[in-house]
Amino acid sequence: MAFSRFLPFRNSILAGAANVKASFWSNTGHGISTFGPDLAIDAGSSSVRSYANYTVFKGKAALSMTPVLPTIRKVDISKVYKNGCVMVTFWPAIGQRKYDWQKKQAFALSPTEVGSLIALGPAESCEFFHDPSMKSSLEGQVKKTLSVSPLGNDNGYFLNLSVVNHVQKTNERFSVPVTKAEFTVIRTVLSYVLPHIMGWPQALRSEVPSKATNLQKHQYVGEEVLRDPALEWER
Amino acid sequence: MAFSRFLPFRNSILAGAANVKASFWSNTGHGISTFGPDLAIDAGSSSVRSYANYTVFKGKAALSMTPVLPTIRKVDISKVYKNGCVMVTFWPAIGQRKYDWQKKQAFALSPTEVGSLIALGPAESCEFFHDPSMKSSLEGQVKKTLSVSPLGNDNGYFLNLSVVNHVQKTNERFSVPVTKAEFTVIRTVLSYVLPHIMGWPQALRSEVPSKATNLQKHQYVGEEVLRDPALEWER
Amino acid sequence: MAFSRFLPFRNSILAGAANVKASFWSNTGHGISTFGPDLAIDAGSSSVRSYANYTVFKGKAALSMTPVLPTIRKVDISKVYKNGCVMVTFWPAIGQRKYDWQKKQAFALSPTEVGSLIALGPAESCEFFHDPSMKSSLEGQVKKTLSVSPLGNDNGYFLNLSVVNHVQKTNERFSVPVTKAEFTVIRTVLSYVLPHIMGWPQALRSEVPSKATNLQKHQYVGEEVLRDPALEWER
Amino acid sequence: MAFSRFLPFRNSILAGAANVKASFWSNTGHGISTFGPDLAIDAGSSSVRSYANYTVFKGKAALSMTPVLPTIRKVDISKVYKNGCVMVTFWPAIGQRKYDWQKKQAFALSPTEVGSLIALGPAESCEFFHDPSMKSSLEGQVKKTLSVSPLGNDNGYFLNLSVVNHVQKTNERFSVPVTKAEFTVIRTVLSYVLPHIMGWPQALRSEVPSKATNLQKHQYVGEEVLRDPALEWER
């Protein structure tokens, strides 16, 4: 199990990396670290949320995953629902144990993309393409590709992000090797968070605010009919 | 991994489909969309719940899965308990990226049927039969069949719904190919929601409204005895 | 998939069975039913909890599983902690679709026994022995044995309970065949409920009553020290 | 399934062990027991939390696992975030069914180390090294090693902890065989608790304090922008 033998080494890198920009953060080598502009800004409003990520620091780059819940925003009289996602952020190493958050690139995993990561077999790979200007005249000008390919021998995966921008004439590439143990953490938290970014727990909670109310509700409310399995026989 | 290469294509279909009837909904290609009469009606009363579904749009039809919690309704002095289920709704495509919600047909998955979907192996298939008039004189007049069969090469499954109505002399068929990634989302949310449609989390919550109360409760209440594992030795 | 083809048949048995003793309960054939003395008594105090079970009706007997949370009871100045469990109850068929709850026998699964059911492979079997008078003079007078053995061809398992009582000179046996789909429901809810019967969610909840309080808490409280991973270096 | 046949025997050891130091604790042979200084101290402040562990008693030693949530502590104007972990504590047997809590040694599993235990295959092993003085002049003076190796024939694992202290000239070793069923309990609760020690549920909860507030929030608040998947296209 090479990966676990080398864990302390990797962790010391991590600890070092964390100390560079945020020496005041405790870092007990848990492979989790939280810093960078948005998190810093964020810490003001909601300090707990800003720590909900999983960060892996490697030689050439770091990657971090964090959940984004669905939201409902009122626009005039109508409501606009925005799907949740899992945001994957890459940023490059700029020296030993130094990483430049300014150069970060993000990729928002959809529920279905999360599903394909959860299902990924030891020898399988997958690839996702995002185009911000899909179905516009600019379609194809900017293209983001996240590819996941096996390290071999069931040792984990390479996560590669490439961002090609034909307008700015830039082509950025990030590559982070993720051990089997680290990918298991990712798969476990993705499985946990998937229903949340799809809004299911929030909906289930909204159905049973409390047992009492629940009983209340179901004695009178007409919506009850809506939720009757017998409905399967109607149109 | 053909399925992931084609994801963007499928997503653009989806985005298009969503725009047809609900151009005001944001749709970032996450394979989730929420519209149709009942959801619209519903949006008034409880906007969060109405988004708790997983919808897949394909060439010939779309399918959507949404959880239905168990309910307790008071009828005179007695309580009527209605089991929860996972409602699967199919509706047909009526042109490129156009779907007709009016022609929808629903199938309510029982906990055990959910269990067989969760357990389904890559090369396995299963079939469920529902008859609204079971054990009545009309038994067999209307029959719904949901069948799930593998696409082959561990690429996902075909979900087929057929509704035969001997009274109305109608025979409707829906067929939706679901990729391995999409089925993993389905399997993951079904595993998450199964205890909920069986009422377990609600029950566990009702047992520990708060630590304090919990202690209170267990000092005096006789029901405590009811929950004593030692009861295994009594009748 | 024989089991799914026969599901409607089994469900009609179930529906019938439910109607025998509790015709006022709705039963939409979901393989869940709730009746019998303790549940009836219970329904008064906490109607939601009494539905948190999973019941399977077969030709010779029925079985039901329900979670039992750990409890803390005050005895004089000290607290007595009682472990949670999953209660498995068997009761015999006394005719077509008729079951006699009075003749029920219960078996309380410990967390470790729950673990061995979750881990059970398709061709594996396991067996648990409980003796109420363990380490007393009566040791061995009454013995309960729950055995789980495969039906073959990955079709599910036989759940057998035998209760031998040398005092009352009785020997009762129950045998319920459980399909792969039904066992998947059992495995899924057991995995869900295992941390609960071990008291983990309650404990985690008691640690973060609210974000604010949490921050409060950790600024002053000495117990904080208790929870410092650095403690790994102390005695 | 040797392990289940021997379960009653192991449980009686356990029951005995518990009785030695804490005869007033009920112990129904569930493989869970809660005693020892820190828990005792702790019981005063938060009795529920102190029971959230999983303890296995074997011939030469006992081991216990308990979750530790991440914490945020205010230091002057900045906040210090401390990662959560799963604390594994070993203590030696000092005679038949007698264990000495004073001689305990603890090992704090990081999220990534938890991940490698969850991913561990039946024939695989792994090893973790912790050094309290990593990157200090004392580096290497004290070393803790937790190794997990298969018992063979898919029967479970040996969990071994060694603590070498060159300063105190001590070398302590603990070895606890864990059955497949017991490791399944461990794997199941580790999978459950992993997102919690990473702070994800707390963060998700802090996002949706209530549906109403949620809607409120998203109509006005600027942070909303922060959480917009479209952000994937910005820097």
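Letters A, B, C and D name the chains as they come in the text, with residue numbers starting at 1 for each one.
One rule holds for everything that comes next: a residue touches a chain if its C-beta (ideal position, glycine included) is under 8 Å from a C-beta of that chain, and two chains touch if they have at least 3 such contacts.
Fair warning: this is a prediction, and the values are worked out from it, not measured in the lab.
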(request) Return the chain whose centre of C-alpha atoms lies at maximal distance from the corresponding centre of subunit C. (result) A
(message) Suppose a student superposes the Cα atoms of subunit B on subunit C; what rotation angle should they report, nearest 5 degrees?
(response) 90
(message) Report the inter-centroid distance (CA atoms only) between subunit C and subunit D in whole Å.
(response) 25
(request) Could you check subunit A for residues that touch two or more other chains and list them? (result) 28, 46-48, 72, 82-83, 85, 108, 130, 202, 206, 211, 214-215, 229-230
(message) With touch defined as at the start, can you tell me which subunit C residues reach subunit D in the complex?
(response) 70, 72, 75, 78-85, 108, 110-116, 118-119, 124-131, 134-135, 191, 194-195, 198-200, 202-204, 206-208, 211, 214-215, 218-219, 223-224, 226-233, 235
(message) Could you list, by residue number, the parts of subunit D that touch subunit C in their complex?
(response) 1, 3-5, 7-8, 11-12, 15-16, 24-32, 34, 38, 41-43, 45-52, 54, 67-69, 71-74, 82-83, 85, 87, 102, 104, 106-108, 130, 132, 142, 144, 179-185, 188-189, 192-193, 196, 202, 205-206
